[in-house]
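Chain naming follows the written order as A, B and C, and within any one chain the residues start at number 1.
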Amino acid sequence: MREGPRFLLLNRIGCTQYDQNIRKMKTHDRGDLLAETAAIMAKGVTKAFGQGETVVRALDNVSCEIRTGEFFTLLGPSGCGKTTLLRLIAGFEMPTDGQILIDGQDVTGQPPNKRAVNTVFQSYALFPHLSVAENIGFGLRMKGIARAEIDRTVKEMLALVKLEAMAGRRTSQLSGGQQQRVALARALAPRPKVLLLDEPLSALDLKLRKEMQVELKRLQTETGITFVFVTHDQEEALTMSDRIAVMSAGRIQQLGAPREIYTRPRNRFVASFIGDTNFLGATGVPGGAKLGSGQVIAVDTGGKGGQITLAVRPEHVEITTPDAEGAIPAEVHGSVYFGTDMNYQIALADGSEIEACVQSGVTGEAQIDRGAKVGIRFAPGSVLMLED
Amino acid sequence: MRKTLGAIAILMAGTSLAQAEGVLQLYNWGNYTSPELLAKFEKETGIKVTVTDYDANDTALAKIRAGGHGYDLVVPSANYVPIFRDGGLIVELDRSRLKNFGNIAPEWMDVAWDPGRKFSVPWQWGSTGMAVNTKVYGGDINTSAIFLDVPEELKGKINVVPEMSDIVNFAIWYVGGEACTEDTEVLKKARDVLLAAKPDWLSMDYGATERLANNDWAASVNWNGSSMRARILNPDVAYGYPKEGYPLFMDSVTLLADAKNVDEAYQFIDFIMVPENAAMISAFARYANGIAGSDEFMPEDMKTAPEVVTPEEFKAAGNFLPTCSPKSQEYLTAIWTELMK
Amino acid sequence: MASEAERAQAAASTRNAWLLSTPALVLLFCAAAGPLLIVLVYSFLAKGDYGGVAWNFSTDGWVGILFSRDIFDDTLQLADAHLTIFWRSVKISLLTTLITFALGFPTAWFIATRPPKARAMWLFLITIPFWTNLLIRTFAINEMIRNEGVVNSFLQGIGLISEPIRMINTDLAVLIGMTYVYLPLMVLPLFAAIDRFDMRLLEAGYDLYASRLQVLRHVILPIVKPGIVAGSILVFVPSLGAYVTPRVLGGGKNMMIGNFIELQFGQGRNWPLGAALSIALLLIVMIALIFYVRAATKGSNPHG
């Protein structure tokens, strides 16, 4: 079990090798390596505003476990409660009900300045009257650490986020991306057990955002600090996280590794929030489900009969000739060019519409014309039954 | 059409009536002018009098000197009348316009500061002495020691009115000198006495009538009329005549050189020389006036009040303050500034 | 390479700028600089016999600020009475500034953290005394603290004290009066600065292990410093020249610079000295301001 960030040491022996090793040990293996006690545990946490009739539950009886050393993402649309949960962990607000535990200790009543947790704010919240170096050293200064050590740590942090040249500058003189890195360094300097990041990349342009995603991931693996990352961008979540908690309306809809969330969404919300999904109404029959257009397709229904909803990703929809084996007859109604992919809008016999996503050819032209009669096949195991 | 013409005619008549009525600007000491007197004056002559207050001769002098004041009459103290006169700020009075001139009491007709009363007409006169709340201090109040060598009971409770000539001369008399002296020995002693006594004073402010009445002050150097008014409000206040020497003052009405309402001014000056009216002036501020024959119109309580009717044994100690020579004035001023710091 | 047209336009706009600012400049000169020049000239004249000035050159006025001739032996000595007056004024003004800050900061913070609608009402309440005449306000304080005033009557009424507490006619009375009079002048700039303050920085401070006191000292105060500077100036400068309040509440015995200057134009009959004192006061305040503003805004980014 790793004790804490030894990034200096790691930097010297060469991160590449270390990274490779970590990458090799994906989800399952890493789970064993990671600590037994959870870094953060939320137990039945509820946060309500208002009273009686007009009460609004920003969080409704949420429980989850965040493991030490993992990159954990809270993902959801605005108003789903992800930021609220983050703020409860940080200590800026107290839960109406439930408990928050950090490293096994109940911190529910503790103010933020007593929790070994630091936050990277969405607005960065850099102190305008302090220089970059002073900002970074602020937490250590408040803790009463010796001057020499503060200076040393600040130097380390500046190197970590590659801002050595900016040490003496005023924060207002920096670009958005640089400010973000200062906020990061400032939050990392006190070596917290957990780092909370509240949509830190939302103010950056696309190119910069992608760069920072890589940076953040690198930092997290190097330092080994538990990251709790809040975002509404599902792509971000998928690329960076070890585990994702998809939230909506104050509840966790699904919690799991990115692959699992993507390939096995539990309900309609998760399925439509992450990536694109085709929804098909069907009836449960022994061995599968019967579509409205009559065909039966193989899907694990768990023996459920009656009305069910099926979900299948556009990229698992194969377009073939109408007389191919197991193909469902359909007609192409239109196409949209996405650069890397081509999306075809396809209608089945019973009128239900689905999308198929096909990789673009070299010329990028649509290979199938509008109105063409085609056959649809779903990749084996790609069709899921949703819970609701 | 006829209605509007009629209305315009009435309006014009109204304004011209108003113009016929005239105004008068009187610049006088605060709390010194009887409102009843002004009402009676307006009723008889139609002239409306506006009074502006000052609390010190120097204030009035500075203001008049500066010009552009808009006043017609000013009422300086005796020792300042020569200063106003020599500065060309007031004019000689035209006797032919003052039919009541003969009413001035004989003893106030020919005064040192205005021989033959060429420039001024008496308003009120009085003395400066010690007003003491006898409940707080029961000892002898007829001495300047009340404020120059403050008794225990009055320490920190006595006010000294910031009238330079009165206070400094009190001190000079206390140490045995003469008013307006140029004797540096005497002046030194007077200064030292004042400086030694100052820590025991509560304040150096005006407003004795109210402050003595509501017990903010237990004692004050004060003028007799104000003390009488204080006693009427607070029976414990008694007036003492310092036996070492106390100043008498007389304030007289003078006509300013740049007065605008000269006619109205003469009417007013004439008006106040009528015995009944003079009595009215006295009845308000409780000071004696200088008009013969006004006694029978004076209010009852003034006829016997110790503040107004000076007891025989103290009469000799009262002196009018002369106008000091510039040299002596400089000494007074220097002592005063040192005291005020 | 400015073209003819461009140059003509530039010249025209400069001319227009001057024309537009002429009325303001004239007003400034006549109303501000002009009278000051007169006062400056007066300070170099000799004093007139009964007040006023005599038109001879003399440095007596300036010398008189710090030195006085002993009236009797005509020796020049350090006028420590003058220095006492200066020191009393500075001391009271500094205390007034400190006390109004100590009272005003929590007040401004309170108002700034109210919901926006309530804020207007609170500001209104703070500025109501401002609408009343200064003299009335001062007399109101007088009524409260004099021996038979509101405070003493109340305390005696509930039996807490048997003798009235002597508050009037002391330096304390002047301090109370000045604090009351100048409090709104400290609250308003502080409020403006706190209003601009980004409250999220407080969370950042707490997140980084700062206690409440540390957040106050290291986050809040440095950032609202412009407001503190403005408020301090608005209180210190006028209170240094205060005249009415010390007169009414101090009882005329303990003079401050304002009263001392007034004395020279009244019974003191020394206009040159009064003029010199006025100019000296102006210079001292200007110098103090320059130093204060420099020191207070040192190191902080004007855009920060």
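Things to note:
One rule holds in what follows: a residue touches a chain if its C-beta (ideal position, glycine included) is under 8 Å from a C-beta of that chain, and two chains touch if they have at least 3 such contacts.
Values in this document were obtained by computation on a predicted structure and should not be read as measured data.
When chain centres are taken as C-alpha averages, the shortest distance to the whole-protein C-alpha average belongs to C. Centroid distances from chain A, each centroid being the mean of CA atoms, peak for B. Centre-to-centre, using mean CA coordinates, chain A is 58 Å away from chain C.
Averaged C-alpha coordinates give centres for chain B and chain C that are 37 Å from one another. For the pair chain A and chain B, the distance between C-alpha centroids works out to 92 Å.
Chain B contributes residues 56, 58-59, 61-62, 65, 83, 87, 156, 159, 162, 164, 184, 187-188, 191, 198, 201-205, 214-216, 326, 329, 331, 333-338, 340-341 to its touches with chain C in the complex. Here chain C touches chain B in the complex through residues 49-52, 71-72, 81-82, 84-85, 146-148, 166, 168-169, 250-253, 255, 260, 263, 265-270, going by the rule given at the top. Partner chain A is touched in their complex by these residues of chain C: 198, 200-201, 203-211, 214, 218-219, 222-223, 225, 300-301, 303-304.
Residues of chain A touching chain C in their complex: 90-92, 111-113, 117-119, 121, 123, 125-129, 138-139, 141-143, 170, 172, 186-187, 190.
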